[in-house]
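Structure first, commentary second.
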Amino acid sequence: MRLINRKPSRPVALLLAALPFVAVAIAYAIGSEMRLAVNPQDRLLPAPATILDTAIRLFTEAERRSGRILLWHDTGASLFRLLSGVAIAAALSLVLGVLIGLLPYMRRSLSDFVAVLSMVPPLALLPILFIIFGLGEVSKIVLIVIGTAPVMTRDMAQRVIEIPREQIIKAQTLGASSLVIALRVVLPQILPRLISNVRLSLGTAWLFLIAAEAVASELGLGYRIFLVRRFLAMDIILTYVIWITLLAFLLDWMLRALSRRAFRWAEAGL
Amino acid sequence: MSFVSVRDVWQSYGGRPILERVNLSVAEGEFISIVGASGCGKSTFLRLLLAEEQPTRGVISVAGDMPAVEPDRARGVVFQRYSVFPHLSVRDNIIAAESFGTRLGWLWGARLRAARTRADETLGRIGLDHVAGHYPAALSGGMQQRLAIGQALTARPRILLLDEPFGALDPGTRVQMHDFLSDLRAQSPMTIFMVTHDLAEGFKLGDRVLVFDKPRWDPHDPGAYGATITYDFDARHGGIPYHHLREKIHEPTHA
Amino acid sequence: QEKTDFRIAWSIYVGWMPWGYLSDSGIMDKWAERYGISVEIVQFNDYIESINQYTAGAFDGVSATNMDTLSIPAGSGVDTTALIIGDYSDGNDAVILKGEGTLADLAGKPVNLVELSVSHYLLARGLDTVGLSEMDLASVINTSDADMIAAFSTSDVEAVVTWNPLVSEIVASYPDANIVFDSAQIPGEILDLMVVNTDVLAANPDFGRAMVGAWYEVMALMAAGDEDVLSALAEASGTDLEGYKAQLDATAMFYDPADAVAQALSPDLRVTMTNVAEFLFEKDILGVGAPSADFIGIEYPDGTVTGDPGNIRLRFDAGFMQMAADGEL
Amino acid sequence: MRLINRKPSRPVALLLAALPFVAVAIAYAIGSEMRLAVNPQDRLLPAPATILDTAIRLFTEAERRSGRILLWHDTGASLFRLLSGVAIAAALSLVLGVLIGLLPYMRRSLSDFVAVLSMVPPLALLPILFIIFGLGEVSKIVLIVIGTAPVMTRDMAQRVIEIPREQIIKAQTLGASSLVIALRVVLPQILPRLISNVRLSLGTAWLFLIAAEAVASELGLGYRIFLVRRFLAMDIILTYVIWITLLAFLLDWMLRALSRRAFRWAEAGL
Amino acid sequence: MSFVSVRDVWQSYGGRPILERVNLSVAEGEFISIVGASGCGKSTFLRLLLAEEQPTRGVISVAGDMPAVEPDRARGVVFQRYSVFPHLSVRDNIIAAESFGTRLGWLWGARLRAARTRADETLGRIGLDHVAGHYPAALSGGMQQRLAIGQALTARPRILLLDEPFGALDPGTRVQMHDFLSDLRAQSPMTIFMVTHDLAEGFKLGDRVLVFDKPRWDPHDPGAYGATITYDFDARHGGIPYHHLREKIHEPTHA
């Protein structure tokens, strides 16, 4: 029987799914063991038990000075920045995407510009951003917006253009103005795509968030990683990495669920 | 009296002529079938009637109005595909024909309720009342096209333009759609232009069958000349074709 | 022009930790109120970004070393005054070799450091002492301070130049780390300052008074060995009391304003700054299109100037520290 | 006439396309002028003429010490890292994507793992990468691979799954083994998608490249930007930013052209 | 002698029965048309013949072989869509029927040249020699299906399975395809199973027409029972249907 036709039974499938995770865990444990055998103080690959201890401490113990559990505050601050940035970028890309995709005048004037913008490396412009927007939340959010909005806008505009011309014509024969076409024909049809764009750009958004928090911040997941990176406190870093991965996974899952709920008319293709 | 009049219309894209010297006069209530080879310009002609495009030369007017510059409520249209809105339920697709004409595209309160009642009537007439709450994706191809036609008619257009409306349906459904369209027409007379690939369909449904073809042909440059109406059959008597040659080639007549 | 609201930036470093404490403890507010002004103290994680922001005008003052002050704000034409000389590095910066050897053994080896930083300067000064120059090294590899500890453990790295707390981390974590040169051998050359905009200071002397007053209040607490203060500083810098004290041992803090004044008046400062200017010129980072190492004028408390007297951009002002020493604040 | 039906004439269209670029240039010139009026030596927003001078100098004049024109060497080093990283990621995603998409056993064991991997913030793992791969070129390239391959792999696997089942069945009735199906049915059909994936991930790849070069390097565009940030040489930074933008644009354009050339059978959808 | 034998085949998905007690015996060279309501399990039956799936119960054997566990060269298939490879030229699509059976899927040198000659012959026979170098996307729907059939036959399968092969074609093209298929069959006799929605088509082409339907029906649970072959018409005599009731409901006969 061909390999492509061989399907694992249910228990085997579960085993297979767990396999790579277990393999990584074992590889890590061995690597850690070996390094710790040479130098018991080695911090690069702390023992799994150490990480677990650290994780429990981070999640439950308050910092002495402020009496706050930093991890939760870091998470709150970072999620606020991340979600604000992505939400603004999404709103911007939606509006611009519809305008560019629908109005020839807008398309002419903005599509090249957005294409060029999407190629600019925003990290290099960080100093200018900090001058213009200050060191507070704004500049971090703006960095996320600048980093994700152009690509999203291009894609949204493309999707608007891909809406069958027939529908736009049909709406006109029903007396729809440009505004009505934008609101009632185009908008609802590209919303599912907006969500999948948000899902795609969350990865980049995390990157920018971590980069921005590394420069000036007193709270945040990226800030904490940056801070402890100096001391190679890998137990803390790994806890934060796993936590960020989990958060990213949850966000992605929520967006997918939302999309499936909200847009039942678009059965497939998300 | 000519309800739709097409006078000396030419259309070319990027210098390449597609239609040349098209003249046509249609009375109110006539059903015009349009046939012709693939790529000869049938859809282009429909686009001109729709005012989606402006002819390079010539004038098209409906009901004596000024030539339109863009599609409007005077023109209903149904394409082979994508003629309904996939994100609206079947009922909302019908209501759209009323609500889209408002400023923001939404109806509220009493007007919405009234529109909903009318929509349900329409759905009853086109036999879709049992799927009023479904989305188009859940409908068969034939039901989708019926919905598209019902939607177009709800806007009460002066002319209805159909571009191969049944081209994607299987034969059985097609026959049902013919009956459906004939019934609708019997209830409320309309001026209809229908492009079709199927000659039999054209004769079965149409009062007149127009054939688009290139009257001139340059073997070294197939794209040198455009198409025009080369035959204009009278198809009223049960589709038994007795035809009169419409115009002498190279000598346009003004209808 | 006169104003009442001021913003200063600082970044985490052993000698600058008091700035964070000043802000958290309310001591800064107390002193600011006394002079009817407000001073906002903003912490940066990225030292260079804090100086850049000051240079661009977003802040009225910033914590910086003498070298970076000369190259960035002064070099960018922002007339800057060194208000407080907080300390000099007395072993806080070090050249660390992996394995046995001396400074001379760096010849032919790659060295990892933050390029164009005081580490780079320290390396240049160190190589001078053994008759080598940067040309004799295999290469100088720019390495982010955040990753210096991780970098040291890789086999590619044979020597690094860095500062505390990284130095003590590396020495503690890697038994084969070997300090072959450190800033204790060039005392008084790597100064940690609080610098402020000259125009702002001139128009608002109260700003200077409040800053200096607040600073020396904390200095007094630290000099007295106040455990609460020291452990707060330690925690904020991500270490414990022991660790922080160890760092302080490698830092010549001027707890007494009189010592700081003496440092400012010392003729050695002129030599140091001339050295620094030459180093920066050689690295092509002494101001825009600087034609020579004398391009920027530096004024000292006694009114003397090194460099171009027509282009004074960096001033050492002992006046405010003197007031603190005299108890006039 | 509705806005959506109004189309600008050719000269107006050209004007419109230029408009936002001109607007940004003018805004920059004014901002620069204002700052320079206050402090003629201000470096944050150098005058356009200064940038031009700097750009000409950077592109033509050799560095005193080494006698090399640094910009070209930086470009060479960075492009080498970028292209190696992306090429490896593309190859990896192609192979894994086909395996995951085609073989149920592989799908079970790897698809969850890749999904989780794609959520991990790779920057935080940099120290571990350094230890494993050293500080040289390898760790930079690996960072790019880790940063881009999982997302690409997920997409490739998805595309393989989307290949009509009919074709796979048909190939089997023509006697094709799993290998032949992979090589002759699946591979050629997802290559266009691979190229568009590479285009999409180039933006992220640049980010990781710049981040990696900022950490440890002696040559490279990102290295130079971070180095000159030490003395706020915005004229150099802006020259480099514009240059990177241009390079990104060129790469994108070349990939698009390649795709259009190589896959004529796939008329649309790229 | 029975060439294809289907013995007491059941198929259910997730506990829901789709087919039940299907029995069939087909002689070599017969053309079997299969009709039935939408969703009744016609394609499922074809998938079982194809060995794409294994029946829940029962045995299917072709030419007396062991039941197949996966699709192989003994079974040719043409679906309504996606039956040709869009990335291969028309000629390469035919060659694929030879080359895909090799280890790496490629032919070289003399074998390739020979295959190419044979492919061009085939293309001539199915009337596609003038587009040998084109990609399928440039072909009309009818040409694509002709190519798909040609490709399937090049592999010389024991049985050919067609699942609504002409369902997406317009009526004119459809008639042409009927002639094409009849001609092919006249040249080289084959055992063919064809699912169609079009009863006329089924009778026109088939030697036998099988009707799939649910013999039992639970009004409270429409999915409770599966479909089976309820009628088996002899359609040989020019499509004039004279039929014999195949089996008594609830009493499976073993053919």
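The letters A, B, C, D and E name the chains in turn, as written, and every chain counts its residues from 1.
Methods note: contacts are C-beta pairs under 8 Å (C-beta built on N, C-alpha and C of every residue); 3 or more make two chains touch, one makes a residue touch a chain.
Since this is a predicted model, take the numbers as computed values, not measurements.
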- Query: If you walk from chain to touching chain, how few steps can bring you from chain C to chain D?
  - Reply: 1
- Task: If you tally C-beta pairs in contact for every chain pair, which pair wins? Let me know.
- Result: A-D
- Note on the structure: Rounded to the nearest Å, the gap between Cα centres of chain A and chain B is 47
- Taking each chain's centre as the mean position of its Cα atoms, how many Å separate chain A from chain C? 38
- Item | chain B-chain E separation of Cα centroids, rounded to whole Å | 38
- With chain centres defined as C-alpha means, what is the inter-centre distance between chain C and chain E in Å? 83
- Give me the residues of chain E that touch two or more other chains. 70
- Identify all positions of chain D at which a residue touches two or more other chains, and write them in rising order. 2, 44, 127, 131, 172, 177, 229, 232
- Message: Among all residues of chain C, which ones touch two or more of the remaining chains?
- Response: 49, 52, 56, 146-147, 150, 153
- Every pair of chains that touch: which are they? A-B, A-C, A-D, A-E, B-D, B-E, C-D, D-E
- Note on the structure: chain D partner, complex, touching residues on chain C are 48-49, 52, 55-56, 68, 71-72, 75-78, 112, 115-117, 139-144, 146-147, 150-151, 153-157, 284-285, 287-288
- Note on the structure: As the complex stands, chain A meets chain E at residues 1-2, 5
- Note on the structure: In their shared complex, chain A is touched by residues of chain D numbered 2-4, 6-8, 12-13, 16-17, 19-21, 44-45, 102-105, 108-110, 112-113, 115-116, 118-121, 123-125, 127-128, 131, 151, 168, 172, 177-178, 181, 203-204, 206-207, 210-211, 225, 229, 232, 234, 237, 240-241, 244-245, 248-249, 252
- Query: Along chain B, where are the residues that touch chain A in the complex?
  - Reply: 50, 52, 70-73, 75-77, 79, 81-88, 96-97, 99-106, 135-137, 148, 151-152, 155, 157
- Task: Write out the stretch or stretches of chain B touching chain E in their complex.
- Result: 167, 170-172, 174, 197-198
